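Structures are listed in the sections that come next.
Both complexes below contain chain A, partnered by chain B and then by chain C.
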Partner chain A sequence: MSGSTPSLEYIKIRHAHRQFITPEGGIINALDDISLPIAQSEFITLLGPSGCGKTTLLKIVAGFEELDSGDILLDGQSIIQQPAHKRPVNTVFQSYALFPHMTVGDNVGYGLDIAKVNKVERNQRVATALDMVGLGGIEQRLPSQLSGGQQQRVALARAIINRPKLLLLDEPLSALDKNLRLQMQLELKNLQTELGICFIFVTHDQEEALTMSDRIVVLNGGRIEQVGTPDEVYHSPQTEFVATFIGESNILSGTVIEKSETGIDVDCDGVTIHSLDTTPELGEEVKLLLRPEHLSLTPNGQEGAQAQLTMTLNQTVFIGSDYQLHGALENGLAFSALTRKTNTPLIKDNKVTLYYQISALHTIPSKKKPTKGRI
Partner chain B sequence: MKSLSISRKQLMLVALLAPTSLFLLVFFVGPMLIMLTYSFLEPGLYGGVEWHFYHWNYGRVLGWADGFYEEFDTVYLEILLRSVGLAVATVLCTLCICYPVAFWVSTLSAKKKALCIFLMTLPFFASMVVRLYAWVLILRNSGFANQFLEATGLITEPLNLMFSGTAVIIGMVYIFIPFMFLPIYSSVEKLDKNLLQASEDLGATPFTTFRKVIFPLTLPGIVAGCILVFIPSLGNFVVPNILGGAKVLMIGNMIEQQFLYARNWPFGATLSMIIIFMMMIILSIYLYKSAKKQAAL
Partner chain C sequence: MKKQTPLGRLLSIYSVLFFIFLYAPVILIVIYSFNSNPINIMIWDGFTLDWYRSVFGLETSLADSSSYIDSTDQLLNALLNSLIVAGSATIIATFLGTSTAVALARYRFKLHSFYRLLLFVPMVMPDIVLGIALLIFFVGAGFTLGNSTIIIGHCTFLTSYVFIVVSARLAGMNPLTESASADLGANEWQTFRRVTLPLILPGVIGGALLSFIISMDDLVITYFISGVDSTTLPVFILGMIRRGIKPEINAIATLMLLFSVVIASAGIYFKSKNTSTP
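This part shows the complex of A and B:
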């Protein structure tokens, strides 16, 4: 994770603070001491619920908002004093923000026209950019004649034509329907690899973040909860927020009542769970994460020790490949599992046995030291 | 069954439109046709009309009156041109005032916006004549404007503000500001603020953004406002009557005089026809252009 080559710190956000004052006079910390280095050709996603500060951070990088304190360095140079139109940064807006009175060609060529690039080169580059997003030859059409997905691609072509050092994407896929969104996710990732420039992608959709990102920055309440690869963020969440925000999760909290060389026993309101993690001390409060997909109705473990839990079924949802089972454990804790159908009858109020690999349990570190923005 | 329902629909449409159409036919198209006819008739010596074709009414406006009675005289042409000049000045002044204000209002909170729109329409609640007499109190030699300027020491002698082209323009600007403001405001309000950020993001300075994005997108509102102000200013006779006195005669006053005092209805009708004709040209261009734009979208 830690690297010393300069390109890994191509963009450096340092101790960024931004406060907003609500109409009622309260103070909201939109950004609370955000520090984050970003590599030169990285696809990084800012993920969080609405109001977590992700869009504010993006707008500050673009130059539409200002920092209260802190600094942003791009290639070693501070950019926060530059007005938005001088920054080598381009944005794809959530609403696309295509100029309705201009043709697609003029929209895409807007940045080049302003930079006074000569006509021949301009038309050439417009055609190339449109080709890259798979919309060659539609220069003469107006944005209103395009579908949402096409408008999205035009906005993308318009943003990359200036060859920015950094491309910002503000929830660009949120207005598309699901199939198109999945397709665009892959195309965006390919485009980023092809261009080799840094993409900062803002989304509240965790699936989107997991699919595309090299790294995910999970934000909550203006603070960084965790920075990591999709795999790390999903499988080793550092806080309870990350565990619950990304993916479905069952959180079992309890006290360590037994500790040995091979693991610990945690008492969660009467249900005892054995974990292989030996770091927590005896008597410590711990939170254990168990993803629903790690539970199954049949014991089918070839490797590692298995454990089981008993759940009273409350609701069964068929989602195509699997069944979602919702219910409660013996101690009343709401619990869910994602599993293949078996011969076990899935009837409400029935008791079912759920099996899992003990190694699938992940201990969420206790909240004493909140993770600051660092790799 | 289907044709029956369509004919019933059509019947419904006719029933709904008939009263309005009939009213407009009798009280709008009818009088217009009478005016058009009158403009081609010879005025009688003691008012009234002689019922035969007579084209010198139009000649008279352009200077060549009936050579038998009158000499070449461009006074009517001058009045017409002055009216156009005053109307254009009114349009430009209202535009310069309303355009920036519209942007300012669009940045306010919803509550304050509603208040501003209400304030804009507030003058309609009082009679225009009363409001114009208020301007007499402000502009006359012993009026508030001169008192203020003298008190601040900017002038020693009162300025002659009344009975001038300036006074007429001030009055007309005052009267027609809402007509300019509302269409401009609606186009500014529709302007997507993200577009301005997008323009800036792509490297445009604020001025370039204005030239390439803001202005073209608010142009429909500007054009609509200009037409809405130009047309009534051109034919206006109340403002020049009250604030312009006898010195600033506009075509509206001419028409009023021809009908009420000179009792030359054919000539009054001719002047009216000329204004109507000018406005129809402007409106046709506007409609043609906007229809073309609609077709392009």
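This part shows the complex of A and C:
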């Protein structure tokens, strides 16, 4: 499998199943038939709420948990029979898990010491790894003398020094404050590009996922909801879960009441929305996604058909660059918009008109009901 | 200084009285070990080091009748026995207690909490019951009573002490550091030696020192299971007191006290050392 060109299926997770039994005797499907190919130098993020199975999957790849059934191939070889210490995989743990009794240098050099690399090479590689994470020359300090951000970097240096084929990161940034987190996001992405190895990053923070990933795997209840680039999962979510979990969203559900060559009319409890999507059939239930940032208080001059909605204002939140408007549509549906301030007075209980490009509407495919007429 | 309320003052007085109650008898023993009165040990008659000299078999100005020690050799022999027993039992109990603590902390298996309970039982079992039980067992199993039976007997309860001290240390340790070690290529033994053991070492040393002191000090259980040639120091002292209380006993007690304080201080030092884990 390994060739000169980076393999697109370097890591293959095949029909991974893992169940847990709760103390009450119930069964939880932590992983429910997960299949996923991962490319050789890809930054892939497992995103989902807590309990979605993302950490379980990471632990299974690392070797700290076992699969009930399924397989994981790394460069064509099944690794699930190998114990954790024999896998060419390294992990950055959520709590860093540095060895408190060892200096930074010994922490970072641990993998090399175990592999019995000679002292000269070992010291040189430790220095290089620390330089890579921006912490050159602190070999002699103890982890307890470092800040959270520095400990994080040491954990990172320790994990990359063995030159793993795959680096696993278990919510490594969750303990850092916001500014440091943003900085580390960029650094992680740069480091991944520099090393050219695959990073599997686990997070529940959708912004983090959107910022860094080549691809995002959205997990929910042990199943894959969607796999795609950040752009795809944000703009073309395949399920309602993905639409609501990633970014702010307005979901309009209704029935198709008119269908023509140019689009459909959807009746959402009395509010009629026109969509350019012609795939749904007459009478079908559909869900339409409209992101708050696609709404504005003024009809702007861009090309493309525009439409409008009337919302009764309930709350206005100033967030710096924009205003968040929260309120309800005529049919009572809670709705929100993110828009520049205009001359329109933003007073509670006032009615405001919101404009949007019809092309901004995205139809979430309905999976539950296979529609008639579709092959 | 902060002004004290009447209740606060009462509490201070109570604390002082409490410590006097606790330590006065011990301090008196130390003081009277230097008392030169050979007849009534509680009446101060001047300073002397004769009792200590007598313990170590040195020449004294004392009359023979006022001294217990017919032969310092016997005393030293008892001390040597005690050191052999305490040393061996400590090594064995530390090994068993530590490995049991690691096993119970890191692995889940059948009857897990039952094993944990079993390890607490020897600590709460009355010494006399354990002593009799061990005696019946050793005699029944055909052991000759001696140092080896005392060592085995001591291990039965010392293992529990080590287990508890090491378990507390393990509970305060981040188990992910062991995962991190495995992740970096270390097998279970390398992980234990390089990560787990150094992190629990203060607990292991603390447990060992505690075991040593308890073993040195144990009278009741040892009394049942010691043989003719295996008299330990506490058993020997009990035998001495049977022949009447003489001032020399103060000197022996003071020496033992000094020894215990040194060991206990070392224990506290190791226990408090690098407890800070990031």
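To be clear about the criterion, the second predicted complex is superposed on the first by the 361 of 375 C-alpha atoms of A that agree within 3 Å, B and C clash if a C-alpha of one lies under 4 Å from a C-alpha of the other, contacts with A are read in each partner's own complex, and residues count from 1 in each chain.
Criterion: a residue touches a chain if its C-beta (ideal position, glycine included) is under 8 Å from a C-beta of that chain, and two chains touch if they have at least 3 such contacts.
Since the structure is predicted, the reported quantities are computational estimates derived from the model, not experimental observations.
S.K.: Between chain B and chain C, positioned on chain A by superposition, is the outcome a clash or a fit?
M.R.: clash
S.K.: Which partner does A:162 reach: the first (chain B), the second (chain C), both, or neither?
M.R.: both
S.K.: Pick one for A:151: touches chain B only (first), chain C only (second), both, or neither.
M.R.: Touch status of A:151: second partner only.
S.K.: For A:251, using the defined touch cut-off, is the partner it touches chain B, chain C, both, or neither? Pick first, second, both or neither.
M.R.: neither
S.K.: Check whether A:93 is in contact with chain B, with chain C, with both or with neither, and answer first, second, both or neither.
M.R.: both
S.K.: Return first, second, both or neither, reflecting whether A:114 touches chain B, chain C, both chains, or no partner chain.
M.R.: After superposing on A, A:114 lies in contact with both chain B and chain C.
S.K.: Mind sorting out which residues of chain A both chain B and chain C touch, each in its own complex?
M.R.: 62-64, 83-86, 89-91, 93, 95, 97-101, 110-111, 114-115, 144, 158-159, 162
S.K.: Which residues of chain A touch chain B in the complex?
M.R.: So the residues of chain A in touch with chain B come to 62-64, 83-86, 89-91, 93, 95, 97-101, 110-111, 114-115, 142, 144-145, 158-159, 162.
S.K.: Over in the complex, which chain B residues touch chain A? Could you list them?
M.R.: Listed in rising order, the residues of chain B that touch chain A are 192, 194-195, 197-205, 208, 212-213, 216-217, 296-297.
S.K.: In the complex formed with chain C, which residues of chain A make contact?
M.R.: Touching chain C from chain A are residues 62-64, 83-86, 89-91, 93, 95-101, 110-111, 114-115, 143-144, 146, 151, 158-159, 162.
S.K.: Under the touch definition given earlier, write down the residues of chain C that touch chain A in their complex.
M.R.: Residues 174, 176-177, 179-187, 190, 194-195, 198-199, 274, 276-278 of chain C touch chain A in their complex.
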